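Right after this note come the structures.
Each of the next two complexes has chain A plus one more chain, namely chain B in the first and chain C in the second.
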Partner chain A sequence: MENRDAILTIPDENGSLPPKAPNLSIGQWFRKNLFSTWVNGILTVLGTAAALLMLRGVLNFVFSENRQWDAVRTNARALMTLTYPESQYVRVWVAFGSVVVLAGLSAGIWADWGRLPARRLAGWFMGAAGFLAVCILVREPSVLMDLEGKTIRLPDGSLVRESFASAMTDRANWWAVVALLLIVGGVIWRSDSDKKQLKITQVTYLGIGLGVLSLWVAPYGHYAFTDGTYIADPNSTVAFSTKMPWTVMWIMLAIGFFAGRWLRTSSYLVLAKAGSNLLWLISPVTLYFVILRDPALDYSHVFSTDLPMGLAFGILGACFLWFLTRSDIGEIGRILATAMLGIAIFNWVAAFFGWYPMLQKARISFLLLAVAALLAPNFVGEAAKRRQLLLGWLGTMALVHYLATMINTPSTVELQSTEFLGGLGLTLFVAVFVVLLSFPLGVLLALGRTSKFPIFRILSTSYIEVIRGVPLISVLIFFSVMVPLFLPDGMELAELGAVLTGYTLFSAAYLAENVRGGLQSVTKGQYEAADAIGLTSAQRTGFIVLPQALRVSIPQLVGQVIATFKETSLLAIIGLFDFLRVANSVIPAQSEFMGVKREGILLVAVIYFFFNFVISKYSQRLERRVGLGER
Partner chain B sequence: MATNSPPSIDHSRPPLYRDVTVVKWVVQIAALALTLGALWFLADQAGDNLRASNVPTDYDFLSVNPGIDLSSGIDTDPDTGGRALWVGMVNTLRMAVAGIFVATILGVIVGLARLSNNWLLQKIGTVFVETLRNVPLLVQILFYGAVFASLDRVTKDVGPINGWLHLSNKGLSLPRVHIADGFYQWLIVMCIGIFIANEFRKRRIRQQDATGEESYPLLSAFAVLTFVAAVGWFIHPIFGFVGEIFGALSSFVSGIPQTVLQIAIGVLCVGSSALWIRSFLNSRRTPAGLARLTDDDYFRMIFAAVGGILGAIFFLILWPGLSSWMINSLSDLFNVLSNKFGDGRTGRPIDVDLPNIVQTGKFPNYGPSGLNFSIGFAAVFFGVVFYTAAFIAEIVRGGILAVPKGQSEAAAALGLKRATALRRVIIPQAARVMLPPLGNQYLNLTKNTSLAIAVGYSDIVQVGQTVYNQTGKTLPVVSIWMLFYLSCSLSISVIVNFFNVRMRIVER
Partner chain C sequence: MRKNIMWRLLATLFAVALAASACGGSDSDDDSASTASSAAEETEVTLAASGESLLETVKSRGTVNCGVSGSAVAFSELQADGSMAGFDADYCRVVAAAILGDANKVNFVSLTAAERFTAVQTGDVDLLMRNTTWTQSRDSEVGMDFGPTTYYDGQQLLGRAGDGFSGSSQVADIGGSVVCTSAGTTTEKNIADAASEAGVSIELQTFEDFDTVTNNFISGACDIITTDGSALVGRKAKQQPEGENWVIFPATPISKEPLGPTYGQNDSAFSDAVNWAVYATIIADEKGVNSGNVDEMLASGDTETIRLLGGEGELQTGMGLPADAFYQVIKQVGNYDEIYSRNLNPVGLSREGSANAAWTAGGLVYAPPAR
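Presenting the complex of A and B:
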C-alpha cells in the first residue's frame, strides 16, 4: 500500500505535487458542504429536522414504557439455540469456542488492518459523546406511572409526561456516560503529543475485552427462564452462566490471535495457512458433530468397519490409480475408468431399487474413485505427477471417511421439541451448509450454461431460468411437502433435510449466474493459450478459466452469500424454528409475555444487520486486496 | 466394433469411442435421458404415493367451492377455487405494480440524495440504504405488521381526515377510483385519441426541425389527448356497437370444428421444424453451393425434425383436449368482451367512492365503498417498497457515476442549462446502464410479494396454501404458482428487453 502511494505521489515532469485538499475551518466546511446554495440550505434544514424526528421516533420506540425488553432478555437462550438441553450446553460453548479460536488464529495469520491515529480514536469517543447527548435531548420525557405500574392518562385519554427538567435529571446517569466519553476522548487527544499510531487489531481486542470485563461489574440485570421459573433481577450483574463462558471465549480469541501473530513471523507460516484453511473446511461438519452427535464414538464399529474400509479404499484405490497412470497404459486406462464409472453409477441405481445392501460411504467412495480414474490420464508420465494424484486421492479418502464417520453416529442429545436445533444456531447451520453445498453445483451449472454442448446448455439454462423465475418460498414449500412423496418406500428425509435440498438447489441457480458473469469475462485468448500449450479441456477449465472467473465474480458471490443468509429467515414461514420464528411466534405465546412481538423482531433485525454489514464491508476489503478493477 | 481392428491400419477416422463428435453426442443424449428418466421416476413415485394416500392430482378444485374467506381483494368470498386463486393473482399483481411504482420514485430520490453535494443528505441516504438492504425483507415485513397492528381501534371517527382518510389497526381506507360502466367504450375513444395525438406530435416535430422554433411537441400532443378524452367522456356511447362485433367473433370461433384446429396445431409443429431446417440449410449455403455439413449440423437437423414430429404426435394424440380448450376459452373471452359494450352503458367511465365506516355487529369497521388496505397489505407494501428502494438507489447511483465526467463538461461547454444537460445528456446514458439491473429488481419485487403469506395478505401464495390445506392438492397448486410467477418474470423481462433494445447505442 505504502509503495503504491509513493508511486502515485511522485512529482510530475514540472516537479509540482498534485494539489492537496485544503484544510477547511469549521465555518468554511459548513458553508461548502451544507449551505453552498439556497436550495442546499433549505434541504439541510429539512434534512436535519427529518433526521432528528426519525431519531426521536426510534428512541421513543425503543425506550417506550410499553416495551417489554424483559421478553428478549429472558429468552436470549431460546433465541440462540431454542430448547437445547442445559445439561449438554457445554457442547455449544465448545463448538463456539473452536470457531472463536480459529477466527483469532486466522485473524492473527492473515489480517493486517493497518494503524489508527490516536487522534481519530479520540474523535470517535467525542463523536459518540455528542451523539449520545443529542439522543438524550430529543427523547421525549417519560410517561408518568402510578404505583401499580400503569400509565396515568388524562380524562381525554392523553398521556401525562414528566417535565423536561425532571426528565433531564432522571437521565443523569446517561449524562455521566457522556461526560466519561468526553473525558476519555480528551485525555487521549491531549496525551497524544507525538501523533501516535495505534494498531487497529490491538484496539479491537482491547475494546472487546473491556466489553466482556464489564459483564462482571456493570449491573446489566440477571434474567433467565430455567425450568419454567422466571427470574428477573434488574440490579445484579448477568448470570454466571453467561459471563463465565464469554470471558473464556475472549481469552481464547486473544490466545488464538497471538498464536497467529507468532506463526506469522515463524518459519511455519505456509503450514499454518494451509492448516487453518483445512480446519475451516472441516469445521462445519465437525461442529455439527460436536453439538448434536454422540462425542463418544462407537469404537468397536470404528475399528471393525470404518477404519478398514477407509484404508481399503485408500490403498486399493491408490494401487488402481498407480496402474492407470503408467506411461504405457494406452486405451485400457480409459476403458477401465469408464467401467469404474459404470460400477459407481450402478451402485446408486441398485440402492434405489434395493437390490443389495451397501454402506453409503462405499457408494460415495466408488464414485470418487471413478472420477479420479477419469482424471488419471492427466497425470500419466513421470513419477512426481503420479505421486501428486496418489496423495490427492489419499487425502480425499481420509477427509471423506473422517467426515462420514463423524456424521454417521447416533444423536445422544434429547430435545424437548421435535426440532433438533433451533434459534440462531439453526439459521447459521442452514446458511453455512447451503452456501457450501450450492457452490459446486452452481459452478457446474454455470459451466453447463456456457458449454459448447447444446443439450447441456439447454438443460442448465432452463433449470436456472425456471428456478430464478419463481420465489424461494414456493420452492421451499414444494420441497417440504413434496420430497416425502418423491422418495421410494422405506426412505425418509427429515423436513430440515428436504428444506436444505430445496434451498441448495435454489441458491445454486443464482450462484451459477454470478459465476457465468465471471466466466464470460475470461478472454478468448486465455482459452486459445491453454489449447496452444496442449492442456486438456478439464485442465483448461480447472487451472486457467475457473480461477480467473471466480476472482472476477468475488463481489457477486459475496452478495449471494449475504442474500442466502438473509433468506434463511423464510424458514420461519415453512415451520422450522429459526430465531425469527422464536421471536415472532414462540415468545409471544409465553404466558409472561403474551403478544410481545416487536422487541424480539427488532433484535433479530439488528443481528441480521450486524452479520450482513460485516460481511459486505469485508467483501469490499477483499475486492481491494485481490485488486479487482485495477489489474 | 471398431475396437477390434488392428492398430496398423490407418483409419481416416478414429475409433468410434474416441470420435469427438460421437462421444460428445452420446454423452449429451445420455445426460438428457438420465435427466428425463430421473424426472419420470420421481413423478411416477409421487403419483404412486399420492394414489396410495388417496389424493389424486387433478385440477377439479378449480371449479369446486372452497368455502374460504379472503382478507382482501376483488372478491372476498370466491365461489370456486379457481376464482380464489384468480383473486390472489390480482392481489399479487396489484401489490407488484404499486410497489414497483413507489419503489422506483423513492429509490431515485435516495440515489440522487447519495450523490448530492449536501453532506447531510448524503449521510441520510447512506444510512437508509445500508440499514434497509441488510435486514431481511421478511423481518421487515413482520416488524411493520407488528407495529401497524398496535394502532388504535376503529371507531366511528377514527380520522385522521374523516370521510376521506382513515387509519387504524384495521388498516388504511382511502377514496376509491374505479372503472364504471362506460369505461371500455371510452377506452376505444382513448385509443383513437392516442393515435391522433401521436400524429400531431410527429407533425410538430417535423415543424420544429424545419423552422428551428420550439413547438412543444409532447406538450401539445398531451393537450390533444386531454381534449379527446374530455369529448369521449360524453360521446362514448356511440361505440356501443363494438359489442356486436365481439359477439359475432365469439360465435364464429365456437363454430370452428375441433379437428381442424387440432390438425392445424400438428401442422404448425411439423411446419415450424421444417422451416427451421430450411433456414438452417440456407444459412449454410454459400454462393458456390451448399457448404459441407459437419456431423454436428446433421445432428441438429435430426433433432429438429424429431422434435417437430414428437410435438405433433403429443398435441394430436396425447393431448386432444387442448384444441377444445382453446376454442372454448377464446369464445368465452370474446363473449365477455362483447358484454362490456352497449346495453345502456351511458354513464361515466370512471367514478370515485368515498370511504365510510359501518357498524354491523358489535364493532365498527370499514365499509366496502372505500379503497381499503389491510394491515397485511400495508406491511408487505412498505416492506417491498423500502427494501427494493434501497437496491434501486444503489443502481441509480452507480448508473449516474458510470457516465463519464466529460459528458457533463461537454454539455456545459455547449451552454446547456444544468436541467437540460441532466435530461438530454446524463440520464439517457445512465439509463442504459441502469435498465438491466433495474429490471432484475422489479422481478425480485414481484417475487418478494410472496412473503405476504407471513402477515396474511391474500396473495396467490397465501390463497394457494389455504386451498391446498383444504383439498390436499399441493402439486396442482404449486404448479399454478410456478406458472404464474414464470409468466410474470417473462413479461417483465420482455418489457425490459424492449426498452433495452430501444436505448441501445446504434452501432455500425
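Presenting the complex of A and C:
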C-alpha cells in the first residue's frame, strides 16, 4: 500500500483535507504540553523524577555487584530448549530456519509496511543516544572491589563506592556508544536533504543484520557447560555454534523475502498465497513431530500398512462422498450420513471396551468421514462443488494419516528425560499451536452461537459457558489426567498432547466470544443485502459477515493471543518445563548457581515483553491498514 | 434403482471397514510404525495384567524410569546442558547399571512432591530417588516400599552468629525469633512441635520455595530458617554473604529424615534388585573397591568382593540380574563414597562424623553381607 498516507488522510465530505497541526518550536511545545499551568508544571517535574528514580532502580539492580548473570548466560541453551541434546541441535536450527524462510516468504508476498522518513530514523538514533546517556548518568557508581574480587566494606559494614567522576570514566565504552549513535543519527539527518523515505522492510532487515553482525565483533562473552565443566570467557564473542546459525538465518530471511517478492509479480501468486498459508498451518506440528523428533520410520510397516490404509480411506471415502453428493440422492444421503456417524461412534465405544481391534487412525478417519458425510448435502449439485468436497476430503486424509504416522513413530533423538522440549521452545510451540488451532474453532463456535439452528446454538452456547466458567488451570489438570486414558498405552508426549488439547479448547471458547462481539456489530442490512443478491448462507458468512466481524474484533483477538502466550507459564503446574519454570526452579537448583533466580526471571520478563510488544505493534498496524477506528 | 444404490453403498462401506480392520489386525491400540517398540508395549501390557515383576518390564523396555526432584541442589539438579546430575541421579544410574548393564539407560522424570507417589502408582516411574523420607504412613497407607537409606538427613536450623547463635545452640534458644521455611512441608510442623516442646514461642513464616526463604533470610526478614540439614549446608556454602557467619544447629537434628529409593509395594524381584544395587555400592566402599580398581579387585579381592562383582557363584543371576551387574555398577557409577564425594562434597557436606559415615567409622551406613 504505497499511498498509505493518502488513505490515512481521507478528504471529508466537502473534499477538503483535515487541518494540519501547526509546527511548534521545542520551547513552545514544552510550554503548551508540559508546563501550561503551574499544576501541570509540578506534575511534569514529579513525573520525570519518578521515572528517573525507577530507571535508576532498574539499572542498579541489573548492574549490581550481587547479580550473577553468568547463571543465565551459561544456561542460555537450557532456557531455549532445556534437555534437547546438543548433538542433535542442528534439528532445532532447521526447524527455526523453516519458520524464518516462511516468515520471509510471507513478508515478501504480503508485507507492505510503507516508508519511513529518514529524519524519523535519525531521530530514533539520537533518542536512543539520549536515553543511553541518561542511563549512564543516573546509575549509581559501582562498588569498589579489592584485588581478589571481593567488595570492600567500611568498619560499619557499608560498601565503598567509587566517585561519580571515576564512574563516568569507567563507563567510557558506553559514552563511546552514545557518541556513535549521535554521529550515525546526525549523518542520516544531514544527508537527508530531499526528505528521503526509507522502506521499512529494508530498515528492519538491516537492523536485524546489524544485530547479527554484532555477534561476530562484540564481546558478549562465551559461556557454556559441556561435559561437566563450566566455560566462562567474558571477553570473547559468542560461540561459533551460535553466531554462524544466526548469520545463516539472516541470509535465509532475505532469500525467503526475495522469493516472495518474485512470486508477487509472477502468475503463481494465488497458488503461492494458498501454499504459504497451508505451510503456516501445518508447520508447528510438522516441525515438532517430524524435524525435532526425527521419527524412526519403519518403511516395511509404512508400505504394508500406513500407506495402503491412507489410500483406502482417501479413495473409498471419496467414492462414498461423490455418491452422497449426487443431485438425486434425497433423504437417503442423510440417513447414510447418520448411519456413518453411528458406526464412527460405535468404533470408539468398542475400543473403550476392547471388543475388536482397530487402529486409532482408522477410528479418527471414520469419524471424519461421518462429519464429511453430514456436510455433503451442502455440496450437492454441479461437479465443481462436489469436487471441492472431494479435494477437501483427500487433503484432510493425507494430512491426518501423515501426521498420525509421524506422531506414533518413536523418536530417535536420545534424551535422558521425558521432557522432550522445554524452555522458550516449548512456550512458543504451545502458544503458536494453540492460537492456530483455536482460531478456526473459535470462529465456528461464534457462528454456531449466533446460528438460527437451535441445536448448534445450544451446543455452542453451553460449550462456551462451561469452558469459560472453569479456570484454565483446572482445564489443564483435567486434560492431563483424562486424555492419557484415551491414548494408546505407552504413547509418547501424552502430557503435551493433553495440554495442547485442553488449552486449545479453552482458548477457543474465549476467541468465540470475541468473534461474536464482532458478529453483533454487523448490521442486519448487510445480511439482507447479501440475501438480496442471491448469496448462499455460506457465501454470505464467508464474504460479507466474517470479514467485517473479524475486522472489528482485532483488538480483542490480539488481546486473547497475548493472553494465550503469557498463560503458557501455567504449564509448569502440570509438570512441563516451560520458559519461566526453567528460570524459576531449574537454574536456582544447580549447585553452581544455587539460589540465583532474579536474573533469570528478569530475562524471562524481558523476552515475554519483546514478543508481546511485537504482536501488539503489528496488530496496531493491521488495525490501521483495515481502517479500524477511522471509518 | 434404489436397490442398486444401496448395494453399491454397502459394498463401499464394507470395503472401507475391511481395509481399516485388516490394517489393525495384529496390534490393538498401537499405531506405532516401529515393530520393536510395539512389541515392547505389548509385553508391558501383558506383564502388568498378569502381575509379573517390574524387573522384567524394565528389562524389556530397556530403560529405567526414575522419578527425581530435578530441583534439589546436589541431589538431583537439571544441568545447563540438559543432563541430570546429583546424588539421587547417580543412584538412578546405579539401578540402571545393575539391571540393564548401562548406567545411561535412565529416563529421568522430574516430579513435584505432590505428584511423586501417584507417578509410582500409575507406573509413570519405576522408582523414586526423590529425597523421600521413609515414614510409617508412607510405608503402610500410601502403599510404598522403601529401600535401604542412602542418605541420613535431619531437620536443622540456620541462624547468624551475629544474633548470638552458635553450633551448640538449642531450639530453646530461638524464643521470639522469626523462623521461616517453605510452605506445605513437614518441616513446618516439625519446627512448631519442637518449639512448643522446648517451651518457646516463635513467629513462623512460610514461603513458596526455599530460594525465597533464603532470600528473605539474607535480606533480614527472617532470623532463622529451617529445613533438612543437607540443604542448609549447601545454602551456607554458596549463599553466605561476606562479613556474615551463618551457623547450623542443633547438632542433633530435630527430626529424622532417612532418604532412599522408594517403589510400589509387594514386588520382591524388583525391590531386591534395587536394594542390592544400593548395598553393592556400600559393600564396595567397605571393601575398598572403587571405579578405578574394580578390575584388579575382581581378580585379587577377597571372596565376598569376588562374589559381589560376579567373579564366582550365582548370587546375581539367581535374582534375575546379569552376573556382572554390580561390577557394572562400581565400574560405571562408583561406590558409595565416590558417589557421595562427587556430588555432596562440593556443597560442603562431608561424611566424617555424620550419620552418613560407614558403620566402621561410627556412622549408620551399613549393608548386609553378600553371600
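Everything below uses one rule, namely that the second predicted complex is superposed on the first by the 482 of 631 C-alpha atoms of A that agree within 3 Å, B and C clash if a C-alpha of one lies under 4 Å from a C-alpha of the other, contacts with A are read in each partner's own complex, and residues count from 1 in each chain.
The definition used in the following text is that contacts are C-beta pairs under 8 Å (C-beta built on N, C-alpha and C of every residue); 3 or more make two chains touch, one makes a residue touch a chain.
Every value quoted in this text rests on a predicted model; they were computed, and no experiment measured them.
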First (chain B), second (chain C), both or neither touched by A:Pro308: second
First (chain B), second (chain C), both or neither touched by A:Ser616: first
Which superposed partner A:Lys597 touches (first chain B, second chain C, both, neither): both
Touched partner set for A:Phe456, first chain B, second chain C, both or neither: first
First (chain B), second (chain C), both or neither touched by A:Gly575: second
Touched partner set for A:Arg261, first chain B, second chain C, both or neither: neither
Partner chain(s) touched by A:Leu82 [first = chain B, second = chain C, both, neither]: second
First (chain B), second (chain C), both or neither touched by A:Arg31: neither
Superposition-derived comparison: chain B or chain C, residues of chain A touched: C
Common interface residues of chain A - those touching chain B in one complex and chain C in the other: 488, 597
Chain A to chain C touching residues, read off their complex: 74-75, 77-78, 81-86, 150-151, 153, 157, 224-226, 228, 295-298, 301-302, 305-306, 308-309, 312-313, 316-317, 319-320, 323, 332, 336, 340, 343, 351, 354, 356-362, 365-366, 369, 404-405, 408-410, 415-419, 488-490, 575, 577, 585-586, 588-591, 594-595, 597
Chain C residues touching chain A - in the complex, by the definition given at the top: 2, 5, 8-9, 12-13, 15-17, 19-21, 23-35, 37, 40-41, 44-45, 65, 69-74, 77-85, 104, 106-112, 115, 209, 211, 214-215, 234-235, 238-239, 242-243, 346-347
For the chain A and chain B complex, residues of the former touching the latter: 33-34, 36, 40, 43-44, 47-48, 50-51, 352, 453-456, 459, 466, 468-474, 477-478, 481-482, 484-488, 562, 566-567, 569-570, 572-573, 580, 584, 597-598, 601-602, 604-605, 608-609, 612-613, 616
For the chain B and chain A complex, residues of the former touching the latter: 24, 27-29, 31-32, 35, 41-42, 45-46, 49-50, 116-121, 124, 130-131, 134-140, 142-143, 146-147, 150, 300, 447-448, 450-451, 453-454, 461, 465, 474-475, 478, 481-482, 485-486, 488-490
